[in-house]
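Naming follows writing order (A, B and C), and every chain is counted from residue 1.
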C-alpha cells in the first residue's frame, strides 16, 4: 500500500489487512514497527476526533509528528502546492495526512507532482473519508461478524456526506444490503443501482442490522431548498421507540460529532445502544495505526 | 490516585509520594515507567510555564501528548462537553490536563460523565491550582526540611488567587503557621480560622520563614473598589531592605509570572534571594512528572 | 559548541564537525545520542521549512520538543524577556531555537542573562541564518568536493538577505571566490573587500560553479526607491538559456520558498538543474540534527 485515497482504490486484501492489524493493535498483541517515520498533519478544515486520532495513532507507532499550519505556512504566502509538497518530502516527511474542503486535492497533488510522499485522505470535500469507513467496517465486523447480506441503513444528510460515500463504496463491495434514507433535499445526485433509496424512515430501517445516522453538515450548504430542521427532526430523527418497533437488534452508529436531539435523541444516545458510537471513535485510533503501519512497512515506499 | 482536582482531595500519603517521586526524578534516580499513556492538554486560559511544564513532564515520561485546541474544536462547534470527553477517552486519551476560568469545570465533567479519564487540574478559576501548591511545598521542604510550625506569609491579591487557596489548604494541613497580608480590596471573602490575616505588611512578614508574593490578577477584575496600583506598590511591594529588617532569613517565593517592580522590586528579584522563584519553576516539572507517573501507574486506572 | 549564533562565531573545526556529522546522519551510519534533551521552538516570524526542519531534526534525535507561542505567551502579557528565558531554562528547556525580525535578539538575551540555555539562531532579521549557510555549504561540498577557488555567485535581494550574509561569511572563510549580483536597490550597504559586486547578471554568473538566487523579501521593505518587479525579472531572473550560455555546469541553488518566475523561471526550476534546491531542503534536516547533537553532547553544557 502506497497511499490511502479512497475506498475504491483499496483491494480486498488490503482492507482485510487493515482490519486484522487494527484488531491486533487493539488486543495489544503486536508492537508497532514503524518508529522513525514522519507523519505531517495538514488539516484545512477544523477537526477534533479525526486529527487527534491520527496524531495519537502516529505517536503510538513511535512516529515523528509534524503539524503543518495552513494559515501561517509558505502556502499561504503564495508558494505553489507543488513546491510545498516537494519541500516537505525533502525535509523528511513520509506521510501527508490531509483534510480538505476540496474533493480532489490529493488527486491534484499526485497528478502534478512526483514525490515519495504517501498521502492519507482524512476527509476530502464531500467525496471520501476512507478511514471513517474502515473504522465503521471494523466496528460492524466486531458486532456482526460479517456484513454480507445484512441490511445496513444510512440515514440523513447523504448529499453532503463523504462518510456515506466511503461507507457505501466499502459495504457494497462486501455484499451488504445497503439502504439509504433521506429527505429529498439531502438525497444525493449520484444514486447507485446497488443501493436502495427511501424517503420514509420506517421503510428504510425496517429489519436493519445497522442504522447509521449522519451529521447534518450545515457548513456545506447555505440555502437548501426545502430544508427545515424541524421537519427533519419530525421525520428522520432516531429515537428508542422507533428502533424498538422497526429494528430492535440494530446497531446504532454515527460518525460524530452528533448534533444531539437532531439526528438522534439524547435518550437513545445515552442508552446502551448509543455506546457503539464511542466504539467507533475507539476503533478509529486502531484503524489509523494499521493504515500508517502498512504505509510505512519496509518496502512500502 | 485517580485524579488531581484540588489539595483537599489528596491524602497525606499521596502528597508524600508526590514529593518523594518528584525528588527522585530530580536526582535522576529513577526512570519513568508510564511510557505509552496519553496526556491531552486542554487549556482555556493562556499559560506559558504551566503548559510547557506539563507538556515537558509528559514527554519526559515517554507519554504521548495531544493538544486540544478549544478555539477550533468540536466543543466550539456546539458538541456537548459530555460527548467531547467521552470521545477523547474513546480515542485513547488517559489524562486530561485542564486549565479553565471556571471554578468547577472538572467537578462538572465528573458529575455528568462516567469515563475512564484522569483529570488533572492545571488551574481552575480562582479556586485551585494544586500542582502549584505541591511544587511550592517541595521547594519549601528542600529549603526548610519541614513547614510544621514555620511562619509562612502570603502577600498580595489573595482574593483572585487559586495559588493562595491551594497553598493555604496544603500548608495548614502540615501545621504551618499561615499568615496572609493583603489590602482590603484583595482580602478574600472566605477567611479561615486557621489563618491570620493582616493589612499591614510588616506585621505579616515579621520573623517569617517564607514570604510568598502573588501576581496581581488584573485579568480577573475590572473595577475593584479601592484598588490603586501605586497605593499597592507603596504599601505591599517586597524589597530587600524590608526583608532584611523583618525576616532576613526568609525564602522569597512567587508563582510567576512576576509583575516586576509591582509585587517585588527588581533589585530583590535579581538578588540571590530571588533565585528561589526559579527553583519553584524547576520543581514544577518534577512535581508534574510525579503526578502523571502516579496517575498512570499500573492499577491506578 | 555552546550556541549557534552566526557563522563568524564558529571555528573551522566546528564547521567540519557539523558537516561530517550531518553526512553521517544522512547515510544512516550513526544513531543519535542526545535523546532526553529539550528543544523549544520560539518563532516570531512565519516559517514553514526551517521550523518543520528543526522540529523534525529534534524529534529524530529523540529530543523533547516544546512550541513557544509568542502570541499567547507570558512575553505578550508583559513578562520581561529575562524572566521568560530564566523560567524556560528552569522548567527544563536546553536549546532555544529562535527566529526573529530583530537583528540582535539572541545577543540581547545573552548579554542580559546568565542561564544555561543553548541558543540556536534560526534566522535573525537581515543579519544571520547560520544553519541555512551550513546546509548550503554541505550541498556544495557534496557536489563540488570543495568550494576553494570556485566562483560562487549570489543573485538578487542581497540587501535584505540574512542568507546572503551568512553564506558570504562562510564561503569567504573557505576561500571561495564569491561574487554578488544585484540591482542598485538590492545592493547591500556593507560591501566587503573579499567579494566582487556586479549589477550585470551575465558578468556575475560567467563561469560560476554555483549560482544562488535569493528570495525577494517583500516583507522587509515598503517603498524601495527604484524597485520594480518587472525590471527585476527582465534583468535578473535566472533561466535555462542564460545558464547554458554563461555557466552551463553551475549548480542552481535557492534557499526557498521560491517566488516562481520571479527569481527563477519555472522551466529552470522544474528541470534537472532545479533539483539541487530540494537537496538543500533535505540537507537542512541533517545539518540541524548535527547542530543539535553537538549542542547537547555530554560536556557541551
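The definition used in the following text is that contacts are C-beta pairs under 8 Å (C-beta built on N, C-alpha and C of every residue); 3 or more make two chains touch, one makes a residue touch a chain.
Everything numeric in this text was worked out from a predicted model, so none of it was measured.
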Item to check | Equivalent-chain rotation between chain C and chain B, CA atoms, steps of 5 degrees | outcome: 120
Checklist entry - Same or different for chain A and chain B, when you check if over half of the residue numbers at their contact belong to both copies? => result different
Checklist entry - Taking each chain's centre as the mean of its CA atoms, how far is chain A from chain B in angstrom? => result 41
Checklist entry - Among the residues of chain C, which are close enough to touch at least two other chains? => result none
Next on the checklist: Quick check on the complex: what are the chain B residues that touch chain A?
Outcome noted: 36, 38, 40, 64-66, 68, 72-75, 77-80, 83-84, 86-93
Checklist entry - Okay, in this complex, where on chain B does chain C touch? => result 46, 48-49, 52-53, 55-56, 59-60, 256-260, 278-279, 281-282, 284-285
